[in-house]
Amino acid sequence: MALPEAVAALVRDGDTVALEGFTHLIPVAAGHEIIRQGRRDLTLVRMTPDLVYDQLIGAGCARKLVFSWGGNPGVGSLHRFRDAVERQWPLPLELEEHSHAGMANRYVAGASGLPFAVLRGYHGTDLSSHTVVRPIECPFTGEVLTAVPALNPDVTVIHAQRADRRGNVQLWGITGVQKEAVLAARRSLVTVEEVVDTLDPRPGAVVLPSWVVTAVAAVPGGARPSYAQGYYDRDNDAYRAWDAVSRDRAAFTAWLEAL
Amino acid sequence: MALPEAVAALVRDGDTVALEGFTHLIPVAAGHEIIRQGRRDLTLVRMTPDLVYDQLIGAGCARKLVFSWGGNPGVGSLHRFRDAVERQWPLPLELEEHSHAGMANRYVAGASGLPFAVLRGYHGTDLSSHTVVRPIECPFTGEVLTAVPALNPDVTVIHAQRADRRGNVQLWGITGVQKEAVLAARRSLVTVEEVVDTLDPRPGAVVLPSWVVTAVAAVPGGARPSYAQGYYDRDNDAYRAWDAVSRDRAAFTAWLEAL
Amino acid sequence: MTGPVTGPVTGPVTGPVTSSPVSPDEMMTVAAARALRGRTACFVGIGLPSVAANLARRTGSPDLVLVYESGTIGARPTRPPLSIGDGELAETADAVVSVPEMFNYWLQPGRIDVGFLGAAQIDEHANINTTVIGPYDTPSVRLPGAGGAPEIAASCREVYVVLRQTSRTFVPRVAFRTSVGYGDGPGSRAALGLPGRGPVLVITDLGILAPDPATCALRLTHLHPGVTVEQARAATGWDLAVAPDLADTPPPSAVELAALRALTARGPAGPHEGNT
Amino acid sequence: MTGPVTGPVTGPVTGPVTSSPVSPDEMMTVAAARALRGRTACFVGIGLPSVAANLARRTGSPDLVLVYESGTIGARPTRPPLSIGDGELAETADAVVSVPEMFNYWLQPGRIDVGFLGAAQIDEHANINTTVIGPYDTPSVRLPGAGGAPEIAASCREVYVVLRQTSRTFVPRVAFRTSVGYGDGPGSRAALGLPGRGPVLVITDLGILAPDPATCALRLTHLHPGVTVEQARAATGWDLAVAPDLADTPPPSAVELAALRALTARGPAGPHEGNT
């Protein structure tokens, strides 16, 4: 499936959309396609929103952000994100924030078909009063732990190194929370560097069988400027360059028009 | 460390001991050493007790068995286990049984430092009234699920293909619940096929870093008659032969004396 | 290649009916394999189901995804596995995951079409016992226990059960309810919050049973060649009802029988761990 | 090679004190790296901690296990990672696990000796803010958020914090408590059920602070070369107490400084994601 068709078929206005990736294999090309197609009122979900979320937010695609750490990794702030939160430009952005442990377990619950997950966390932080968590008592010991609600995106988008012709997907290196994010979602789109005849086994690889993936699109370079282990390195200059573009509404608007 | 020393140092009378392995990489040699050292009053834990547990039970090492499926895989019953349960020979055997999903999640809770885990299971079965599970309500949806208590063995013993000289352990193939069983335990012993200079990455491998493993012992063939992928196949005749030995107390006693 | 089907598939795969003598166990396995046609993924329980699921991949369901509780997804074994943790399952699988992941991420959310179980005993409402015969604390026969079955029976979209039919295995009410079929009858599964439909087919060496939609009681829907209703009723511990559209199971085709015999010749005759 | 230590390590690794000019940031990083001596495993937070932890592996702590929230355990990067998800971390690690496994199996049970955190703001009781400056709903500065820090601060056996000391970053009470240090003072951690000891060291560009055992308030225990108590107090938003045994941090040795400069020359000067 071609990327524009796949995004058109899978991502709708008002959807809860997770584009996951933990520094590695960020589905940037798919995010840009969502911007181009002018999707609106999205609830964007991701543990570590970075450049492509800054771009989606600046472009006015998002109504809400569900996250645990938002920054330009290794560089600094996300200025479009800050502009939306601090000055409501171009739109107000509702926030629902968690810790990484909380977000990861929300995906685990979603992937497991459970309505919630339990962790030892949030106690004594101001996070608990600004987000959706509940105390839960161990029925054996009486200890009070924290429950977080399951996350089940309407669509999860990830980028992977390879798929085979049957649609089985393989990714390796730092694989983050991508398996959980796909399994938790109602629909899923995987962009890949290449489609191959057979997936030879690789150390550390995660394989997602075709029957749990809705669509696969070959998008070589689809994770740039982040990296795809075995294919290309992170373009660190692009991360630094984004800092300058994103600081200025006019520069960002010019970037958006050129997209 | 040599196996006899390692078992002597790590396994004590009265301990809760898990020798884990899901058909593959069963720590048989370590189990035989526990029998030879005459350990008593053990609470034996394993999802799938098979021949070596039949032998430990027949030898009178165990006071209690915590498990989810006990049989001679591909052959039939465990007759020493049945003799202990049905006729209290050589000793009565207390049982605490779960489903596989329950046992797996008990190990997950133990490995995660949580007092319990939650799953969708046990509802309507007679297991719930014969074992330790409790209903738990989702604080967000009100749905009632099942809580199982964490499993934290005093000692977990597993068999792996390799360790490096620093004590990092590598296993691959069907890796079952071994990582969780080691991480849940207070102490751990890993027997390995061989010690190598460096662990080259392998597809599907689980690595347990040295600092979470108490002791490593080189025991080539330590999983026989089960198999060690990449080293040797299952000795299916031995599984069938055990059926005849274990059916008869005298034949079993002769086997035990020869051990 | 084959689209989804709603009722049980009973027709032979291809070719003429075989003329060689067919054992009741062979008929059972062939009938069980046929039932998997059109399904995407099958969670293969320990014992007889493994042979039938592997036969299905060799006959009408070449794309069937076999999922084993040992953690293998999409295994393509060349011989029947010696156990559900056979090394060839891992070597030929699309993915191998940990046992906790298998139960939590793959089974529990209801991703798997069919759960395929063996049993030591089954009752009129398709509840399964693999735990104990006699009182729990003083059993006459201690069986292997639950294994993965309770959650397979709860979470798969549909469940098929395969076991030999005798008045000792087909009992009015199981002594120990290890895995829930239809509980106490209509409405039980919903009241218990069990997400899957439950056992929609019970395949035996005599025929095929399915729940009566009104009562959830198992009744006879198919008879294997040469078996009579009387034989089936005599091998059932309750007053077995017969479906109004009782049909004959077509005998194995030459292709099916050859595939089954090639399969079992390369490995054990069929592990029976669910039995004693 | 080095045994466990109880107090902070402040002495240089080896060799003579360097004669080259040393920047305050360099002194901070060297002091932070020294503190890791004798520890087994360090959970490396995003930002400044990563440079210090990598320096530690090149100087006094060659066997230190670096654990990153991206899932890498035992990474041995040859240059400072561009981010906590740098590909070289995965390529050189003993093990790479999923992010949920990292938090659940590795961090949560308290297996890790030291959690090493950066911060945007810290207060007198070592509570950390990385969320927001100003009111939560109408912030003057929106910071990146919690990331892994709340559970690192709760679950590691000990926590070290590294950040530059100014009256803007060292505030009497953080506007938003993202991660708990000593809460409201003695007894807070126990009442909250937090298993680890909390922040036992705060390492800055001016000196080192540690909690007063009686009050849990951070006080000055070490001054870096050339820094005065007055400077440290002026850079602190509360009335900073000084430990009775206030000591001087030995300046970087030639070995330490060379290692640090070699490290930072091969990568970015040091990512500051915890700051704005």
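Order as written gives the chain letters A, B, C and D; numbering starts at 1 within each chain.
As a convention for this text, a contact is a pair of C-beta atoms (placed from the backbone, for glycine too) under 8 Å apart; a residue touches a chain by one contact, two chains touch by 3 or more.
Just so we're clear, the structure is a prediction, and the values are computed from it rather than from any experiment.
Chemist: So which chain is farthest from chain C, going by the mean of the CA atoms in each chain?
Modeler: Result for max centroid distance from chain C is chain D.
Chemist: Per the definition at the top, count C-beta pairs in contact and tell me whether B-D or B-C has more.
Modeler: Here the pair linked by more C-beta pairs in contact is B-C.
Chemist: With chain centres defined as C-alpha means, what is the inter-centre distance between chain A and chain B in Å?
Modeler: 39
Chemist: On a C-alpha centroid basis, what's the spacing between chain B and chain C, in Å?
Modeler: Roughly 28 Å separates the two chain centres.
Chemist: Compute the distance, rounded to whole Å, between the mean C-alpha positions of chain C and chain D.
Modeler: Computed value for the inter-centroid distance: 58 Å.
Chemist: Please list all residues of chain A that touch 2 or more other chains.
Modeler: Answer for chain A, listing residues that touch two or more other chains: 108, 113-114, 119-120, 143, 179-180, 204, 206.
Chemist: I need the residues of chain D touching at least two other chains; which ones are they?
Modeler: Expected reply: 104, 108, 155.
Chemist: Going by the touch rule set out above, what shape does the chain contact graph take here: line, ring, star, complete or other?
Modeler: other
Chemist: Looking at the whole structure, which two-chain pairs count as touching?
Modeler: Per the contact definition above, the touching pairs are A-B, A-C, A-D, B-C, B-D.
Chemist: Mind pulling up the chain A residues that touch chain C in the complex?
Modeler: 108, 111-114, 168, 179-180, 183, 206-209, 211-212
Chemist: Okay, in this complex, where on chain C does chain B touch?
Modeler: 46, 69-72, 82-87, 89-91, 96, 98-100, 102-104, 107-108, 131, 136, 139-142, 144-151, 154-155, 176-180, 183, 188-189, 192-195, 268, 271-273, 275-276
Chemist: Taking the touch rule as given, give the residues of chain A at its contact with chain D in the complex, in rising order.
Modeler: Contact set of chain A toward chain D: 22-24, 47-48, 67-78, 81-82, 85-86, 97-101, 104-105, 107-108, 119-127, 130, 143-144, 173-177, 179-180, 204, 206, 227, 229, 233-234, 236.
Chemist: Within the complex, which stretch of chain A touches chain B?
Modeler: 113-120, 132, 134-136, 138-141, 143, 145, 147, 149, 201-205
Chemist: Sort out for me which residues of chain D touch chain B in the complex.
Modeler: Against chain B, the touching part of chain D is residues 40-41, 65, 73-74, 94-95, 104-105, 108-111, 155.
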